[in-house]
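One chain, subunit A, appears in both complexes that follow, with subunit B as partner in the first and subunit C in the second.
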Partner chain A sequence: MSDVRRTYLFWIALSGAVGLSLWKADVRMNDLFAPDARSQMAAMVRSMFPPELAPSFLRSMITPTAETLQISVMGMAVAIAIGFPLSLLATATITWSGILHERYSSSSRGVGFVPYAVARSFLSILRSIPEVVWGLMFVRAVGLGPFAGVLAIGVAYGGMLGKVYSEILEGVNLRPAETLQASGASRLAVVTYGMLPAALPALASYTLYRWECAIRASAILGFVGAGGLGQQIELSLRMFNFHEVATLLLILWGFVFAVETLSAMVRRSLAR
Partner chain B sequence: MEPPNGTMTQATLPVPTDGARSRWSWALTAGISALVVWSALGTRVEPSTILSVETLLAVVQYIARAFPPDLSSSFLAEVGSGVIETLAISVSGTFVAIVTGACLAVFAARTVVFGSIGDDGNTRFWLRALLTSTYLAARTMLSLLRTVPEMVWALLFVFAVGLGPFPGVLALGVHTAGVLGKLFSEVFEDVSSRPLEALQSCGASRITMFAYGVLPQALPQCIAYSLYRWEVSIRAAAILGFVGAGGLGQQIHLAINLFFEHQLLTLVAAIYVTVTIVDALSTALRRSLR
Partner chain C sequence: MNTPIFELTGVGKVFAHRQTTLENVSLVVGAGEQIAFIGSNGAGKTTLFRVLNLTFRPTSGTLRFEGADVANCRRTDLRRLRRRIGMIYQQQNLVGWLRVVHNVLAGHLGRWSTAKALWSLVRPQEVESAVEALARVGLSDKLYARTDTLSGGQQQRVAVARLLVQDPDVILADEPVSSVDPSLAEGIVRLLVDASRTDGKTLLTNLHSVDLALRFFPRIVAIRQGRVFFDLAPEKVTAEMLGMLYAGASADDTAPLAYERALSVAGALPPSRHP
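Coming up: the complex of A and B.
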């Protein structure tokens, strides 16, 4: 097929898929601008103003805000604990393929392939199930509270970290590792001294980026009963107290902005 | 600007000495440790709790209760329609986001708004003020859109337009528009300015410069970002149902609240399969673009 025809075919297929989706998802943009919906939204926005700024309310929001931060930090700690060991197994250059394994017979490389495949598919299951679904299940398993949120972030983000870590490790230059191996270093020493130092800045940078995402996730997890700001937002919404919702959204906005700035600063200093 | 070789930079750039470097990394390590300890105390999650037999047992028991998954044909049909609705929400939401995000990104890209070149300082004051305020407004708007989580947007839109997949599409569209708008504007800012100079020297207008100078360079990266956000959207679309915005989430919420663990397992498996297929499709499309 010629390139032009392929391009046309691609765009036709794409517009077909989008059209079908818009129809299936019941998208009626007119509804959004219908007088009814407009007045509803206008009323909601109006009822958000002014945001609730009573000192007592603000003071009572300090704990949930801190809790959101704490859940994200602990979630990342668990995620690293799950993701890092699995990522070593899921790195092909460590377990079965590439220059470090040329000296082994194909059957012993096959033995290395088994943990690799298991680790990969396990990571894929962990990260493909959204953290909110994990959160709901953990709330059922270990009860309401921050612990369920920590586990949910830890499991879902462990899957993501593990995959990206292994991609970073597969990308490092293997020459130092090869040298170490040739001088008789153990597998652990080869990874620790030959591969990790080169990968460390990229690993740290990606972990920080994920932490930014984890803060947003930890705010959402409150909706399913895992504490933090999300729970407060849900409570205020349920009670139709939109003044409080506005304040909470502003807190979340400022908070996420501060963390993004901080994380960008650290990442820039890592890249140096 | 990348210098041609490294010899000059060593003399001119303030390279941190070993002392400064190690002090900085010590401070960083101490800060992170303090943060982790404070978080562990605040969430009352100690390492012993995570690794305790009770936790493990609770999780294993919960999973064991869910087996075997509910595979009756009537339920599978329900799950199938849930999957299709989730897919439809994610595609429509991403589509809305691309359109909205691209429109905002044009005004949030510094180089597009102010013109990267030929700014000879003669631009009138009021025009400059107008451009600056447009730029700042677009940036703030994008930041607001993406900071408010999809779930919160979904709740707000459910209030506005009622239950069903439509508020889900709007929620995804609005949040993802904030993310894509930021990414698009960065892509617009990073294009090579050579073609723009050529166009401008021929007397092209600002719009012509954007259409023929910026867009052709930016398009592949923008499409790649959109596909990546589609992968994120499918995960979000699967949970928006928790607040009444259609898709698999609604069924999951029901199954969890009614303790239908066998059905829950089927639904979670359905999410896994859907997400994996979307990831593979998106990766294949991105590769074919290259």
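Coming up: the complex of A and C.
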């Protein structure tokens, strides 16, 4: 098939998919902007103001806020511990294909393909299960509380980090790695000297973005009993106390903003 | 005569789904020789070097390193052989994000254990060797500079410093100066030739500049369409030969330039037409 026809086919397929989804997902913009819908939303937003700022309430939120932060930090630590080693195996250029493997026979490359395929499929299983489902499972295993949240984030995000890390590593220019291998460096030394340094800014930036997501996710996980701010949000929602909900959302926004700032700082210092 | 370093017999390299890049190359490289390889872009010089540095496996023919066939050597043997072969590419040899000291110390990676290699990124090991090598290439003040802050010519000298640290028996330089300012190119070629001469190392270089090849190397091997076109001492290379070497080359935009330069070096064109 010619390139032109393939391009046409791609655009036809894409617009077909979007059109079908628009229809089947029941997208009715009129409903969103109907007078009834507008007044309902306005009422809910109005009921959030002013946010609850009573000292006693704020004081009682210190522990769950700290808990959310701890869940996200520990969750990310677990996620990196799972995702990083797997990502090295899941990187084709490290395990079985490309210039670093040209010298080896196809049977010897096949030996590298096995851990690659296993790591890839394992990572995809980890991330195809939503973190809320992981959360429900871990709440059953280790009981209510932050530890279940840590495990849920660690496992689900381990799958995402591993996949994206391996894609970042596959995008690295292999020339330096090739030169190092040609001078007799071991595979692990080739990766740490020739590939990881070049990938580091992208790896760090993606990890920080995931940490931001983990803070939000730890709030969602609170809904299924994994502690932290999420549990408070759920409680306040159920009591129709939207003033408190507003305060809690503001705290989350503060976190997201802080991580964003930190991420910009780290990226700047790495790009130096 | 001693055992030759490289002995190629009918070496060919065909890529899967791609055209033949090397065909029936036979060549003997003696220990301590200095050879320049010339030819137009796409003639197969880089592929030949990747066969010689044990990155590519030839699809036909045999490659002997010091008399031993390397077709089926195991990974550990491969590492042992590779550490004796040093490589410099046109560019992008170095990891820009690392400091110069680590790029130079990477020359030790063939000997160091993986644990020592990793620890060296935290606390550089055997720094004196890097200091000494950088002094030889005239970059003593750049030890802790970040490599990507250096100019192209300085980076190429860092690559030479790494080579000195590696201390290989064979140096393979693939277009070491074509991304470098022409005024600095000669200095780098001289550095490589001197380093190989004083330490008795074998030096194989791919050069775009026929001029530098003829001036610095006692043996010229021309590659055309994946085959050895001629293999001569520089004084035996004629303008007709160079004309034929670069004529009918691909429609590559740099080919006419190289052709013109080749002719002007051989005296067929007035030197004023030097690009």
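The rule is short, and it goes like this: the second predicted complex is superposed on the first by the 217 of 272 C-alpha atoms of A that agree within 3 Å, B and C clash if a C-alpha of one lies under 4 Å from a C-alpha of the other, contacts with A are read in each partner's own complex, and residues count from 1 in each chain.
As a working rule, a contact is a pair of C-beta atoms (placed from the backbone, for glycine too) under 8 Å apart; a residue touches a chain by one contact, two chains touch by 3 or more.
It should be emphasised that the depicted structure is a prediction, and the values quoted were computed from it without experimental measurement.
**Student:** Classify the contacts of A:Ser183 with the two partner chains as first (subunit B alone), second (subunit C alone), both, or neither.
**Tutor:** A:Ser183 contacts subunit C only, not subunit B.
**Student:** Identify which of subunit B and subunit C touches the larger number of residues of subunit A.
**Tutor:** Answer, by number of touched residues of subunit A: B.
**Student:** By the touch definition at the top of the document, which applies to A:Met239: first (subunit B), second (subunit C), both, or neither?
**Tutor:** A:Met239 sits against neither subunit B nor subunit C.
**Student:** Once chain A of both complexes is superposed, is A:Leu249 in touch with subunit B (first), subunit C (second), both, or neither?
**Tutor:** A:Leu249 contacts subunit B only, not subunit C.
**Student:** Which of the two partners, first being subunit B and second being subunit C, lies in contact with A:Leu9: first, second, both, or neither?
**Tutor:** neither
**Student:** Under the stated touch criterion, which partner chain does A:Leu58 make contact with: subunit B (first), subunit C (second), both, or neither?
**Tutor:** In the superposition, A:Leu58 contacts neither subunit B nor subunit C.
**Student:** Touch check for A:Leu32: first (subunit B), second (subunit C), both, or neither?
**Tutor:** First partner only.
**Student:** Does any part of subunit A touch subunit B in one structure and subunit C in the other, and if so which residues?
**Tutor:** Subunit A residues touching both partners: none found.
**Student:** How about subunit B: which of its residues touch subunit A in the complex?
**Tutor:** 24, 28, 35-36, 38-40, 42-45, 49-50, 55, 58-59, 61-62, 84-85, 87-93, 95-96, 143-144, 147-152, 155-156, 159-161, 164-166, 168-170, 235-236, 238-239, 242-243, 246, 252-253, 256, 264, 268, 271-272, 275-276, 279
**Student:** Note which residues of subunit A are touching subunit C in the complex, please.
**Tutor:** It comes out as residues 99, 102-105, 173, 175-176, 178-186, 188-190, 192-194, 197-198, 200-201, 272.
**Student:** Contact residues on subunit A for subunit B in the complex?
**Tutor:** 17-18, 20-28, 31-32, 37, 40-41, 44, 66-67, 69-71, 73-74, 77-78, 124-125, 128-130, 132-133, 136-138, 140-142, 145-147, 149-151, 216, 219-220, 223-224, 227, 230, 233, 237, 249, 252-253, 256-257, 266, 269
**Student:** If we count contacts the way the header does, which residues on subunit C are in touch with subunit A in the complex?
**Tutor:** The contact residues of subunit C facing subunit A are 50, 53-57, 75, 78-89, 91-98, 102, 106-107, 109-112, 114, 117-118, 121, 146, 166, 168.
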